[in-house]
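Step one of this worksheet: look at the structure below.
The first chain written gets the first letter, and so on, giving A, B, C, D, E and F; residue counts start at 1 in each chain.
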């Protein structure tokens, strides 16, 4: 059984939509259960859609993109799985095994477009400085466009050219490309912190950085605990400054 | 074999006495071995007394009432066990199984009278403020009376009306009463700390509270370690204050 | 097969040499593999030497003398093992079992000569104060002599009088002597720290000692972490002092 | 505010006896061992403060929260008596801070050594012997207790004596010391706020094979959350106008029963 | 520098919507959520700063690194808007510090509750039901999301309101507060430097039966070594004259590919 | 007190060689590596202090406790030589503090990398090959050692050079820096006090099935108790009038033998 053109288009749009949604509005948040339900409606087989969506949902419990990390795209995996369960006619199980590798590709796609986003961000800031505020906003809209294109690309290829081509591409991609991208995705969040340090008084107050580091790296206190400690230190810093000012003023008066 | 009236009275007095003693003098500290020996002497069967006392002693190793928490009353358990070993004529083993649940009731009784103690304490303080110092002392004596009555009550019921009645009462008591009391016994010690905070400079120096909290909650440093750290902080605070005073005085003289 | 006199002498010299080397130059660092190779060359059986050296090397992986602690002398163990493998003619395995206990004796010998070193060090310092600088240097040379003698002594005894004598000595030595020495070797490093405290401003800044202690003893932060924390504290101390001076100078000017 | 000390060794022994007899008997959830403190050292305070108003002030100060290991408490009480005996009612805040700073650590040590170690050793000896019908271990235990009772009668005096020494050394800096003691006290209180409430939640979310304990989750968000939230809520409640401690206690009991009934806390 | 506030509740809702639609979409590795911040609250800033130069300055300030849980971010942004609305561009540094101090802890809480707890509960319900062909759990999940979308539109306004209250309280001490906020911010940044880079080295030395993982070894020398060294190296690189962020990103990618190819990092 | 530096690279290489040959050979329990320091850099100090009295003072300063990883020690000694060469004997306290602050952390790093990691790698290669009769691994190990010997001859000079740079930067603030270095040093010493004594007590109380290790108990009361108590007792002993270090050492040995005989320590 092959898919109608409108179904293919709809599924590609779903792939784009859930990925935009996951990064912003969070109506579906690309949750497999929800995506499965939608695909089921499009493909006219709600039961398979729910079954596949349910399976991927349970598989992805606890997987969350935090701190800017990239995770497999279980939403797209669900779409592919639903489609191929239908076309191959061999049911959900086969769909699941075809869907998963395509979903895994989501990590690399995510790293890629986040890298591209850097250029957009820089361009936007340049426009700001040139007081081209309209352009500043407009260029930023490229990001959602990119998300839509990048993240629906694997789906489009798989649905038009067939899963074997996707697999072939995956096989041809050398490990150092995919692996390298995911390593980059793990190293690059450090760039943000490094930039932060550049426009904070990092040298003057490096002792506080050190304390935060020791407490986190050696003692494994989570960031909320560090922040509570930091609050204590900041308050002491503040009151000491006040006291210094007062004493400087009152001077000898206070002395015994 | 039934107990003589003097034996019943003696055992009830033992129940009262060991509970007073446990909270103050600590001559017997309601230790099962010691209680068993005494009961053995009263009942004329030292061997059973020692056996039951020894068993409950080993069972209760490591159980200690700390930080105002309430623990099972193994002393009373021993009394009941000794008495029923005798009256049922079925020996120590049967006594142990009857004694234990009665002892468990000790947790609830303890919570109850500690709650009542609040009222006595408040009354005593009121007398102090009215300069009725005699009355202040007298009212406090209600506490030991209450301990004696509350903690010997289960023993009295069991020995006069029989263990089945105690069990029946235990069965009838809804779980939310017994459970609720023991939860209250775990929550209420927080009240003391909350009151402490009200008459210490908690807001002015909240940073130190925060530090103590982080070090204890996140890093699990026991209170002695926290106190050592607190000592270091207090000393720094003290010397900084001194230095501030001196500098305020000496002012420009010291400067380069 | 008995050893030639030159072989015995050579082996004793090796025992002295590797122990000097281990404490200074670190060319061989008394590593069993290297010692085994050398012994093999001396005894004309490189294979056995390598086998014994290799075995002891793998056995001693991770064993390191740190913080002034004393460790078994696997170098000497190798020498003895090589020699007796040859003389008994029963091969490496027998050598290993004879070599090990002699090597173990290294702990006690090491503690002993470190104790003697105290006297040399004191003498040297006395010469320094008497401005007898030549003598100061000369007396220190006693230390290497002592190392050579002490650490080659077991080898000398074993090779001349036979391993049984060494074993006999070991058996005769009461446990409290050998045990006592190794306990002393674990307690005495504390002496250095105690002396340090005497000529540092330990009382004036005892709060920092306390912090270091708590962080190390309770929180198990390794010394590098403690030093990072200490750096943060020292910097704060430094800038606070500066600020105090400045404020003392600027005084009322800065105030609101 | 420097006065001639009036307390004698005899007074301190008397204080120790009165205190030791009462101790945990008057334990209540808001001020814990405080009433027993008043009962124990009240007569000594009277001697220090012949003036009724000062006496009342001192009593009120000691009616405040205090909790530590009851045997070791003698030392603390003795030391603060030394302070009051020397500095009079002006030392009230310092007395308070010293009690608060020392109570936590000393409770930790006393509870470990005296409530846990000692009974484990003596109890296992006595227990095993008793099982064999031999009362020797039990009698040994009783005798040990007699010995400790004797020691305890002296401890308040020891505290008084050592306290006097310290005060002489740091004399005249009572204000600064009070402040520094607050710093220490509050650090300890911060730690206590994390540990004093021991109630836990047994709630778990069970979904098919997924099993998530709420307690673990709370711990991940903020460790000791239940304890610190309870203290915080009680702190806020106490601050409310017209809210009596008695009412709060009843509220907590009610709350506990509801939570227990629904399996929210245990 | 005290001005009459101009933002209304309507503005804040608009800001929240713009922000919520963009959020992680513009995520990039150097400034992370910053572009979305500008996109979201840019129009509000324009209202605060009619003057072009000030507007540009404010925009540049918000183009700086910012990352936290996107839902909770509304609160932070609202609070800083309150500050800017009151104090104008002179509050730029304070705005920066507040954002930096709050982002870490709020991310921790949000990621735990909203990205982990919530989907685990709802997901296991929905998942198990879906396996049985029942869409009710899934629809429930959708409805919950709708509910949260509604809540999120209000959060920026909540932040603005509460922020205003705080500012009124601490008014006039902007300089001191900025400094103190730096202390807090840098402490948090020190912790982030230890955790932000999650790459690990899979290298092991295998010699016969001896098997030593390089990762364990690095950890023994300095825990979080890879993370802190990466941050430090990038910090140094950024400092270099003529080194553009773009170049650095490309260098990191190259470096990652090499390390990945040789199995040095994973 | 600013002088013209006199040390050359040749001096430093000579110092490094003398030091490296002696190092742990003169290790004693009270001043540990100090005699070897004097032996190693004594001639260099002579060059800095032509005046006999100053020379004696400098020697006495270096006769004080010092212990770190012997290879890395070169860097520390080089740096302090730079300081003395620039500031003269007035820098004695700073020299002391710098040595104390750096010795702990560098020992930690050196012991991990050089005493543990390196021999584990090289040793397992050499060991396995040797078992098969192949001396290549062993020879490789020897060659590596030769390489490191060469490196070590240069390290004191490196320390001297870098130290000079730092001093120029912070010049003139020697008093403040000494004080701050004390803070760092004492923090490290506090940590060392907890770890330097490694004796443990093997005592256990065994009662029927109850089995309690004294070591666990001590740990519960105060972690690192034996270490810190030992240091504290020795500290008190040293302070005693007429108590010589020699006597203390003998006392410790006696004490150790008694404790060992009765199974109290091991």
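Here is the rule we use: contacts are C-beta pairs under 8 Å (C-beta built on N, C-alpha and C of every residue); 3 or more make two chains touch, one makes a residue touch a chain.
Note that the coordinates shown come from a computational prediction; the quantities given were computed from them, not determined experimentally.
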item: Set of chains whose contacts include both subunit F and subunit B; value: C, D
item: Proportion of interface numbers common to subunit B and subunit C (over half same, under half different); value: different
item: Subunit A and subunit C: spacing of chain centres that average the CA atoms, whole Å; value: 54
item: Length of the line joining the C-alpha centres of subunit D and subunit F, rounded to whole Å; value: 45
item: Two or more partner chains touched - positions in subunit F; value: 109, 120, 124, 127-128, 208, 210, 221-223
item: Per-residue multi-chain contacts in subunit C, two or more chains; value: 58, 61, 206, 208, 210-211, 213-214, 217-219, 221-222, 224-225, 229, 231, 233, 235, 240, 244, 247-248, 251
item: List of subunit E residues in touch with subunit D within their complex; value: 109, 112-113, 117, 120-121, 124-125, 127-128
item: Complex interface listing, subunit D residues touching subunit E; value: 205, 207-208, 210, 212, 217, 220-221
item: Of subunit B, residues touching subunit D in the complex; value: 20, 22-29, 31, 33-34, 36-37, 46-47, 50-51, 53-55, 57-58, 60-62, 64-69, 114-115, 117-122, 124-125, 128-129, 131, 133, 136-137, 140, 143-144, 147, 175-177, 179-184, 186-202, 205-206, 208-218, 221-224, 226-227, 229-231, 233-235, 237-238, 241-242
item: Subunit C residues within the subunit B interface of the complex; value: 206-208, 210-211, 213-214, 217-219, 240, 244-249, 251
item: Residues of subunit E touching subunit A in the complex; value: 20-32, 34-35, 38-39, 42, 46, 52, 55-56, 59-60, 63-65, 67, 70-71, 96-97, 100-101, 104-105, 107-109, 111, 115-116, 119-120, 123-124, 126-131, 133-135, 137-139, 141-142, 145-146, 148-149, 176-177, 179-199, 222-224, 227-228, 230-232, 234-235, 237-239, 245-246, 248-249, 252-253, 255-261, 265-266
